[in-house]
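First chain A sits with chain B, and in the next complex the same chain sits with chain C.
Now for the complex of A and B:
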């Protein structure tokens, strides 16, 4: 129905050194504009999966396609191109501590030749405006709260004008009172039509924002469906157990 | 005392040689340290292995033995090194092995997400190194590096052993000559003077290091998020008490 998926993995397997199998035969298709949330217990391979999509992890077998083009096994140049197209936000923000907020955002697009320094700064201010941090443009990174740092990290990835975004547990390292501001930013991004794959434990976000929920366990996709299907009537025992634990914890 | 004043021009010349030797050794040591230290965290396995071998070999050989080996060994491979050059090669190899280890430690202290986030932003390996990783280690390694500089400056006195006419060697010559001419050894006074000069040079450098360390600690705690600041303060206190 839709054209080529923006991000696709086929029979993706990942084994770490020592024979630990992190992913086995993962088939994932993410359409342009789709928001996919990956859920699952820790160690289920969620993070490894999205790290395979932009080549932070080398895959063992299978294929990774971005924009219909095979990117694995084609050398560092192709991966670099892919990383320019697919942004990533990490759990612990990983802003560059020796640079101010502005330079954190403008560094990569300037280096990649996507825009001039002046254009990049204009874009950075626009993005900071959206996340409500305009006045922090010249602040040193360490003077920001965790939630502010994560919002800057999202701006940093967006400044590359990516076609899709990967979120690796973006709120897990935050103090509870800061989770909301980051989720609001992600929600706004989703509303604007960004293609997103989010690994998260935020069930509310998954329920309300995701077009599709994927449940992983022990390196496999166990179940996938719309949030309504998944949360109200999980089809597999493993998903039921997982949801049961989460709900009990929340209550 | 008169003897020392009389000999000042000669001692001055020796001191100039010492400074030349020390400054060239520090300069080359810094360059080679960075090259070997960066190789230690390279993507390429071969470079990493070479770096480890370099560091281990030169760190595990006493500097004196290294110096004698270079000076007397060089002719065997067809190189004829004068004492100054032999000392320079020897100090640089020893110093840079230690310097590389300091730099490698600096890189290891950077969380791996720093490199990953630069890579995920499509930055090339060289850009990641030059713009993200290197700038982050420069301040933290500074105290250890100036410490290494101090040791290297002291080590230049070893060049006496292969006959480089640096500061200590000059003093030695003055002592020997005066003893032969007058029958009285001025060794205590002359070597005492030499001792003081080395002390003043290295002590100044150590003061500079301590000052730098304090400055860095202060600038860091100032930039630290509030939640982490108390832990840092607790770390600093015992050091200040001593």
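Now for the complex of A and C:
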């Protein structure tokens, strides 16, 4: 483990227009290779937190560091550099609908000058092979199922060869039978040592894959610990209530 | 006294009409091309709120929409000439129609760009694409597809409004017909003829654009 966390936020605060406080004083450190799952009720600031990490939300105060380097307040160039290093997967996949699967994956690496077209296509095929979609390389995005689209979106982010990945509820928009294939892809990524921050409601994934679980409520980190600690013996009342509700829903 | 409609007269006027048609097509197609370019530029400036330039684009759109095309044509042809910037009939016509169509296309394309899902912008930025690349590779290809029907509308208007250019003596279709009418008073024959010709070329333009749309929509259809 390297001593400098790959992703770090310090006293991070985010207020939306109208004074709605989405995050207050969030301190988060994610080590290289660590898989962190963020849990919490809706509106607790989970998504906002990871969107602040790659600058999709402008922070109100505090600091965001990636690879030990301060990112916020240094202009769009620094954010762009950071986004090249940290991939992101969205709830609604956000694939480019006018391009086929291959072009979706190769567009950014080619344009960022990371690799030639041929190298990017080779890399795309390798990634598609891993997620089991090799035969879809030339398919239009509209012809894919939600689960397939999300796996392509993961490939698209991975093609940039990021040091870390952010997942913003990647399975929340999927039909139940497609959740498994996306989680399997994420699990494999975690096994390969990728640094990941996942916002999700998949408790099974959190329990089995996460190195650390963070529980947020009303813009604050309420509790954090290993999945074993968190799920079997939550320390705070709010976490207990949350888990109670989830378990009842599952049953 | 009954008016004798004469088909042979139309036949005799055909070479003149064809020359007029050629000029109409030329001035219209060049103007449509420029109006799409101007519209795209203005729409991008306004969508991305480029300081100063977006205000200029907005003022231009309002100005063009709020003044009659004929006044704009006269201003460009006579007004600029009196300032020593005479462009001649053809290029005055192209400039007037391009600026007029450009204003409408600016609004058409702005609508198309606003239909591009916000998530795609975030996805593009999260992949490290620069804003200009996002615009060129994602927003415009999607946004322009969306507004093809409304751009066709504007293009048809540009084509039909090219008949105003007879007022500055450009020898397009309407001018040719008016000329023949002034010589021979065969009003019905001439106006029926050019009406039919305008109808046919507008239908052809629409059919062509529909084909283009079919091709461009292909990736969006589920197999």
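Note that in this section the second predicted complex is superposed on the first by the 249 of 251 C-alpha atoms of A that agree within 3 Å, B and C clash if a C-alpha of one lies under 4 Å from a C-alpha of the other, contacts with A are read in each partner's own complex, and residues count from 1 in each chain.
Operating definition for what follows: a residue touches a chain if its C-beta (ideal position, glycine included) is under 8 Å from a C-beta of that chain, and two chains touch if they have at least 3 such contacts.
Predicted model, so just to flag it, every value in this text is computed and none were measured.
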{"item": "Room on chain A for both chain B and chain C (clash or fit)", "value": "clash"}
{"item": "First (chain B), second (chain C), both or neither touched by A:84", "value": "both"}
{"item": "First, second, both or neither for A:126, with chain B first and chain C second", "value": "neither"}
{"item": "Chain B versus chain C as contact partner of A:70, first or second or both or neither", "value": "neither"}
{"item": "Chain B versus chain C as contact partner of A:96, first or second or both or neither", "value": "both"}
{"item": "Contacts of A:145 with chain B and chain C, given as first, second, both or neither", "value": "first"}
{"item": "Touching both chain C and chain B, counted on chain A across the two superposed complexes", "value": "54, 56, 80-81, 83-84, 87-88, 90, 92, 94-98, 107-108, 111-112, 140, 142-143, 153, 156-157, 160"}
{"item": "Chain A to chain B touching residues, read off their complex", "value": "54, 56, 80-81, 83-84, 87-88, 90, 92, 94-98, 107-108, 111-112, 140, 142-146, 153, 156-157, 160"}
{"item": "Chain A-facing residues of chain C, complex", "value": "117, 119-120, 122-130, 133, 137-138, 141-142, 145, 218-223"}
{"item": "Chain A - residues contacting chain C, complex", "value": "54-56, 80-81, 83-84, 87-88, 90, 92, 94-100, 107-108, 111-112, 139-143, 153, 156-157, 160"}
{"item": "Partner chain A, residues of chain B touching it in the complex", "value": "111, 113-114, 116-124, 127, 131-132, 135-136, 223-225"}
